[in-house]
Amino acid sequence: MTTAQGLLWLLPFLDYASVAVFALTGALVASRAQLDIVGFIFIASLTATGGGTLRDVMLDRDVFWIVDPMMLGVATLAAVIVFFAAHLLESRYRAILWLDAFALAVAVPAGVAAALGQGMGWPVVLIMGMVTGCMGGLLRDVVCNEVPLVLKQGELYVSCAFAGGVAAVLAGLAGVEGGFALLTCALVTLTLRAGSLVFGWRLPVYRPRPPRTLPPKR
Amino acid sequence: MTTAQGLLWLLPFLDYASVAVFALTGALVASRAQLDIVGFIFIASLTATGGGTLRDVMLDRDVFWIVDPMMLGVATLAAVIVFFAAHLLESRYRAILWLDAFALAVAVPAGVAAALGQGMGWPVVLIMGMVTGCMGGLLRDVVCNEVPLVLKQGELYVSCAFAGGVAAVLAGLAGVEGGFALLTCALVTLTLRAGSLVFGWRLPVYRPRPPRTLPPKR
Amino acid sequence: MTTAQGLLWLLPFLDYASVAVFALTGALVASRAQLDIVGFIFIASLTATGGGTLRDVMLDRDVFWIVDPMMLGVATLAAVIVFFAAHLLESRYRAILWLDAFALAVAVPAGVAAALGQGMGWPVVLIMGMVTGCMGGLLRDVVCNEVPLVLKQGELYVSCAFAGGVAAVLAGLAGVEGGFALLTCALVTLTLRAGSLVFGWRLPVYRPRPPRTLPPKR
């Protein structure tokens, strides 16, 4: 992981991309809640910065949008665009799902890169990937009273973030150059999430016990 | 902004006032949920300190109620008063709305002052005003399962905090002395919120697209 | 409180125990939501680390599971066990209630010890006991859309954490040795919570005002 510090130059780009795309999803959720334009900006910013803020506070780094307030401008711009253009969409919910998938695929490597840049070991790297990827959307859904995507039954979501993080860690161990490791992370995350949306890929969910008249099974 | 440090003496007063009034709103929401007295104190404290705590953690300042635990005494006292006196109110929901408006009008300048005191630029100043003003009430409503005031359709809420922050920033740029800038911030916030409650002032909300048989319109 | 620093050696044990037991409750809630195994691990980890993470961020300590990532292994193991064994339980909800009671009784002294170790005064000590004890379960319930245990009417919950914290502070003032003070804290918390579950112990809840035809009463 001696090249870990070398990844840090990528971090602002990943953060910009995830801020922009998560902000679009936040603004679309705001459109479903029929908020005004300031409400769009508020929910877009909460979604866009929530995961990364939590990551930075827990890692005791300076919060990324305080270091670079232009991030807030990106989120605001995305919210304004959605406010005037969301009616052009065929299905807003479908757009939320797919934009959220792309945002997840950029935010997970952003979390991974930040944790590696702080010299963290792999368990913390994995968690920071998941936190950065999942928490913004979770905040968006809890505040707007949507069913959290994180909890949708029969879909891969946290699992994609987890697998992306694992891919990055394994690539790092295999000596892959940092930028490629992050690219691998993004591709694995996106592929799994897209596969879940398109083909219904899933992990087995917890099954409640069978009726008592049947013999117990695992 | 060279006088920004000079604002810091005002911050404890603003924090005290917003803690006291937000705690009243939290306790009133607890009375709607029929909690016991410790539940009143818990929700009152969460509401009263939530926004400021988030602000301080993100700005990497010492958390204000850890520096001055008397804040917790103020929130507790407010909760106890409401526990014994809430039945005297004609309409608890009306009281929550108005107290929340006053708390918002004090908390926004408290957030603005804290960010200025840390030497932040105007985008972060605006956000910290909004965070300090809106997050305590948002936490209160999410935890107690009320419809977040932040999201009530057809009302100004986050917009008031935003406008108050803008007023403070503009006043600062115009060379207004710090204390007056914060007073301006409070007045703008309160006026807009009160106007929304009394006269129904609002921004246009997002309109879903018209039925497909009509020609598309903006 | 000169022996407060001496308590710090106990903290990892308390943290391990509360992580393990809270993780079990989180995984059981995940089983009620029928998530997949990564969802189990996610909710278990959120529940297990939420309160302590908030405590550490507010006290400006290093986050406990970043310092000791083995904590995450404990939470993961607990989630996996529940994933394969939850169907053996007679009543998952009953198990959640009781495991949560034990976790509360370990997490409150963990919060108290951490605050004492930072040299905090008693108000902050009390709050950190309550935050560490209650916030993980609150996050679990808000995210999974269960009625927060914190808010269940006619039950002691936050009150148990509060009483446990008071017991620890009083024991400390009375010169009781640190380890015993924490044991007292755990026992008081557990006894009150168990008494509430078994015997229905409670504090008087807020009563809405009587119908207007009756004379007002307190």
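Lettered A, B and C in written order, each chain numbered from 1.
In this text, a contact is a pair of C-beta atoms (placed from the backbone, for glycine too) under 8 Å apart; a residue touches a chain by one contact, two chains touch by 3 or more.
None of the values given here were measured: they were computed from a predicted structure.
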{"item": "Smallest number of contact steps required from chain A to reach chain C", "value": "1"}
{"item": "Copies chain B and chain A - interface residue numbers shared by over half, same or different", "value": "different"}
{"item": "Equivalent-chain rotation between chain C and chain B, CA atoms, steps of 5 degrees", "value": "120"}
{"item": "Computed distance of Cα centres, chain B from chain A, in Å", "value": "28"}
{"item": "Per-residue overlap in chain B, given as positions that touch at least 2 other chains", "value": "57, 142"}
{"item": "Of chain A, residues touching chain B in the complex", "value": "30-31, 33-40, 42, 45, 53, 57, 62-63, 65-66, 69, 72-73, 83-84, 86-88, 142-144"}
{"item": "Touching residues (chain side chain B, partner chain A) in the complex", "value": "57-60, 120-121, 123-124, 127, 130, 134, 138, 142, 148, 150-151, 153, 156, 158-159, 162, 202-210, 216, 218"}
